[in-house]
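Consider the two complexes below, in which subunit A is the common component and subunit B and subunit C are the respective partners.
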Partner chain A sequence: MMSDDGIRSTYRSYHEWFSEQDNRRLAKKSAQAEALFKRTGITFNVYGQADAEERLIPFDLVPRIVSNSEWTKLAKGIDQRVRAINAFLHDIYNRQEILRAGVLPKKLIAENDAFLPQMIDFSPPGDVYTHIVGTDIVRTGEDDFYVLEDNARTPSGVSYMLENRETMLQMFPELFSKIRVQNVSNYPKNLRRSLEACAPASCDGRPTVAILTPGIYNSAYYEHSFLADQMGVELVEGHDLRIVDGHVAMRTTQGYRTIDVLYRRVDDAYLDPLTFNPNSALGVPGIMDVYRAGNITIANAPGTGVADDKAVYSYIPDIIEFYTGEKAILKNVETYRCSEPDALKYTLSNLSELVVKEVHGSGGYGMLVGPAASKRELSEFAEKLKAHPDNYIAQPTLSLSTVPIFTKKGLAPRHVDLRPFALVSPDGVDITPGGLTRVALKAGSLVVNSSQGGGTKDTWVLED
Partner chain B sequence: MFRFLERAENTARLLEAGFRIALTRSTDAESEWRSVIITLAAQQGFEAKYDTYDSTHVINYLLRDADNPSSILSVVNAARDNARLVRTALTSEVWMSVNETWMQLTQILKHQVREVDLPDVLATIRQQAALVRGALNGTMLRTDVYRFCQVGIHIERIDNTARIIDVKYYSLLPATSIVGGRLDNVQWETLLRSVSAHRSFRWAVEDGYTGPAIANFLILDSRLPRSLIFCSKEIVSNLAFIEQAYGERATCHDMADKLLQRFSNREISTIFEEGLHEFISSVLGDTANLGYQIEKDYRFNI
Partner chain C sequence: MQLQISHTTHYQYDKPVDYALQRVHLRPMNMDIQEVNSWALEIDGGRIEASYKDHYGNHSDLISTDPGVRTLAITATGIVTTRDTSGIVGKIYGRAPLWHFLQTTSFTVAGPKIRALSKIVKQSDDHLSGLHALSSAILESVPYKLGETDTKSKAEEVMGIGSGVCQDHAHIFIAAARAAGLPARYVSGYLMMNDRIDQDASHAWAEVHLEELGWVGFDVSNAISPDEKYVRIAVGRDTRDAAPIKGMRLGDSDETMIVSLQVQQ
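Let's turn to the complex of A and B:
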């Protein structure tokens, strides 16, 4: 809520503190934060840029503040969505009631590359498919939250949620005694507990958890090693693993040791060269057989991509209603499926006002932001659209709300999104109060992806 | 990874000792640099690039030449890559100290180091190495991981000290003390300085500068943390911890015991009788084999 001086009530205490600060001191702090990130090694690799092997994501020192009541609503909405998506995945790989009921066109699943036939008639341990979900949310007005994407495969960015907070605590300890912010630091502990709760029924004793990484050249390697370290579990690569007596086991200095829960940060296609991409050196040959025999939990389950595909996304409100009997709490952005002739026609004639995305794309690659595109880009994209309409969806550009960032000239408004992280286990859904706030650092820009020059902020959820 | 950092530190020490000679006795400089390069087993690579053992070349080659896999820059890069790879085995303090070392050294070694700046640069290298060691000792759980780190560090140290002795073994022979007889024998001083023991020697050894006394100090004195016997003891005791923790004895344990036996209850005179050079050569061989055997016994390579 804005008051007369134009300051949202959630930012009031922060603003009081901020107005007492000296800009030069803050600029110094900004540099200090960068040095801290470098020292901790929080870097990411950009694909296809040889000279910039490791880069820092720019960090903005003004936190994004969410009130307790806003958060409560968000968390409820995410909880509902995540449960529905799990129910949907179980259904789609088993009885397919939702297709029989005609809520979803059969074609949408049958022709979906992310749908894995290997998962048919199989229930993963605890019936959990999406152990970790990162829901991308934007805000357009006081009480208007929209979900942009559900990220049900292997959402990344949680290390920034944790490290951004650590950095803020180190740089501005006084702020945290002034403003009561909910804690995020339990995430690694909760993640481990949640993963352990999903261990196969056959596992007795404390389950052994490990993180599977594609290796140090992966763009999110820092996060993989960070999470393993924070959870106190092993970080492994495909070549460390093999099948021993019907179980997946990792190489240790004392021989092979069975893994019960594998939190994999390797895509489906590379997971098992015997089942999927035969050229993959990142996966474990035979892991899918162990999985189907019920001897290991893979988090997230293979084939969850079918739920965060952008065409399926447009049906999520229907999916929620079908499985929970409730209306969706969080809104979906209106989506034109270009596979439908009317929608394609509409998209083509309104291209300069729409955002067009590839159905299976991610990371902000291959998308068109109509209002920011040149005439030539628009006409080139129109050709692509006409050639493969099934490949695209279009959405109106939302008039996103802004939050302040710190610039050389003081505070300035920028567009942001928010990715809270939800953990799913048979014990329930656990959502950490906070998340990754990504910010478009260029004035007016709507693209927040780190691969496209976006930055991050700490996200504060206030106590009551 | 710790072997890499240990190597960087050893190289820095040798550079420091060499630099001192080059400054104070310019006539001996070339042969001194040559022996530094030989000690670091870098002769072939160096001579492929340069014709003379000129200070500028040697310093640059050892500090920052990317063609030299043992240059401090190469080794620090390798150590940091390695640390990233085994990130979860390290505490965040150890990781950050390694990362910071890498950041600092890649920065100061970006351009050729001028001779006037060399002492500062070498001091930074040693300081960073101390920082990593401090983080290791102060924060790591005393599990097998820590023990393997210690084993690696001490294998690297034996290798280093043994090489230093080997390159100058002739100056240590009893004969030299009669022929040369100079108390300020340059060779001896560099030798001690290269293992940071020139001051310790004066405190620990009473019978003064003679070749055999120095050889005895570097090989058989278990008070000196870079002597061959001290390092072998460390390897044996750390491996014993692993043996106990795993409840299993492997081939490498016997090899380590044998290595230590070479130094236990030995008189330096019997080593001279055996031939110092032959003795050191076989120690170098045994140490390398021990390293391979540990990798094999504990599956460090696939």
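Let's turn to the complex of A and C:
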């Protein structure tokens, strides 16, 4: 809701505080925040930038504020989507009722690179596939939220949610006594509890959780080590693990110790060289055998990427209805599947107004933002589209809402999205009130991906 | 027919091995056409870490070596009663959908030579006779010969080499059947040859799915459909899914493998 002075009511208290601040003091704070991030080592490797291996993601000190009632609706919508996606994955790897019913074209599964035959005829512990989900949401109007991507595979960025809050608390403690913001700091504890609740039935006693990282050269290594530290669990690499007594076990100073739940940040293809890419040195040979024998939980489950396919995304409202009998609470962005001749025709003739994405892509790579593209880029992309239409979907350019960021010249509007994090276990879906707000720092830009030069800000969900 | 099988795979390493894994398919499935009367898997120099059914319903075991071993012996022994169904396995389905068996794999890519062969199936009056004709045509252009190909040879490549073993025949047959639009799969197992007890190696053949009959087996190498002298062990889209043994080991030791296989009545 906006008042006469153009301030959203959720921002009223913050705005009062902000107008009393001295701009120079804030600029200094902003520099302090950056120094703080550098010290903790929170950096991000940007793929495709040869000269900048590691880079700090810019942090904006103006929080993005969400009211309690907005959040309640969002959380309900995410809960519904996440439950439907888990039911969908179980179905796809077992009875495939949704294909038999003709709700989803078989082709989308048969030709889906993320579909893993090795998951057929198997139920992971607790029937949970997506232990951690980071749903990307954008807002286009007062009550209009759209889901951009479900990120059921390996959502990253939760460390920013936690670090951004920590930084805000350190820099502006007075703000948090003035405004009541819901806590996010329980996330690591909740993550550990949620993962423990997914331990295999064969596990007795308190489950041992570990995080598997590809190692220090991975762009998200900071997050892996941060989470391990915050959760109080071991951070391991493939070469630390082997199969011992029927379990995956890690080398410790007291010999090998069984792992019950492995939160792996290694992609499916590299997870088990005995099963998938034989040249992988990042994975654990035999882990899929132990998995199918019921002696370890792999989070997220292998093969969940099927749900992240952008052509499958376009069917999520149908998927929700098929498995829950309910209408989707959160909207999908209208999606033209270029595999369909009419959609391809429409896309080609409206290319300059559309966003075109690769169906298997992620991280904002290989996509075309029509309104921002040059004539040449448009015609080159049109050729790619015509050559491999199945590879693409197109979406209208949304008029994303803006939120204020702090600049040298004062507050300025920028486009944002929001990635809340949901934890799934047999005990239910737990959504942390907050998330990662990514902001396009260039005026007018719609691309918020950190790999494409976006920044982040703290996300506040207000108490009542 | 009651078949008695003893199958030992013996690994010898030139240096002590710290850690090695073998994923094995060495337990026959119980089904309408074959009844497993008794079966045992024994490991010398290692242990079974996991026993489970894989995504095709194959009995699978993961075996690890004991630390520092120089030899590992895996022995499967047992008795299986088989029936002759003229190669018809029937309408028995696991969870893996039929379309999955239409998909090509790196071993079963149909190049120009295999696509040409697959026309035999399309041109025949019915699929069954077409597939038998295909089987004969493959054996004619790729006669059985040891040592010309290896376990990594791809179907189309073998067509160029001009001779091969049962694995190659099965791959070519599968590739051609899929190119003709029929779901096809690879089968590994045992075959009792009439003239001998000691067999050179475990056997491989193919199965194709036909609307009317369900799955039907074709053994290109022996120019027949499997009868009561065959024991099915594992299926998959190609040898990588169904091979009896697949392994990895840490370190730089070299291994020698000796297989001893007896199949008798």
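A few notes on this one:
We adopt the following convention: the second predicted complex is superposed on the first by the 460 of 464 C-alpha atoms of A that agree within 3 Å, B and C clash if a C-alpha of one lies under 4 Å from a C-alpha of the other, contacts with A are read in each partner's own complex, and residues count from 1 in each chain.
Rule of thumb we're sticking to: a residue touches a chain if its C-beta (ideal position, glycine included) is under 8 Å from a C-beta of that chain, and two chains touch if they have at least 3 such contacts.
Just so it is clear, the model here is predicted, and its values are computed rather than measured.
Look at A:Phe122: by the touch rule set out above, it reaches subunit C but stays clear of subunit B. Once the two complexes are overlaid on the shared chain, A:Leu411 sits clear of subunit B and of subunit C alike.
Of the two partner chains, neither subunit B nor subunit C is touched by A:Ile329. In the superposed pair of complexes, A:Leu235 makes contact with subunit B only, with no contact to subunit C.
In the superposed model, A:Val369 lies in contact with neither subunit B nor subunit C.
Subunit A is touched at more residues by one of its partners, and among subunit B and subunit C that partner is C. Touch criterion not met for A:Ala27: it reaches neither subunit B nor subunit C. When the two structures are aligned on the shared chain, A:Leu169 is found in touch with neither subunit B nor subunit C. Across the superposed pair, subunit B and subunit C touch subunit A at no common residue. Listed in rising order, the residues of subunit A touching subunit B in the complex are 38-41, 216, 221, 225-226, 228-229, 233-235, 239, 251-255. Subunit C meets subunit A in the complex at residues 19, 21, 23, 49-57, 60, 62, 64, 94-97, 99-100, 103, 237, 246-248. By the touch rule above, subunit B contacts subunit A in their complex via residues 81, 84-85, 87-88, 92, 95-96, 99-100, 103, 144, 148, 242, 246, 248, 298-300, 302. Listing the residues of subunit A that touch subunit C in their complex gives 93-96, 99, 106, 110, 117-122, 242-246, 273-274, 278, 285-286, 289-290, 292-295.
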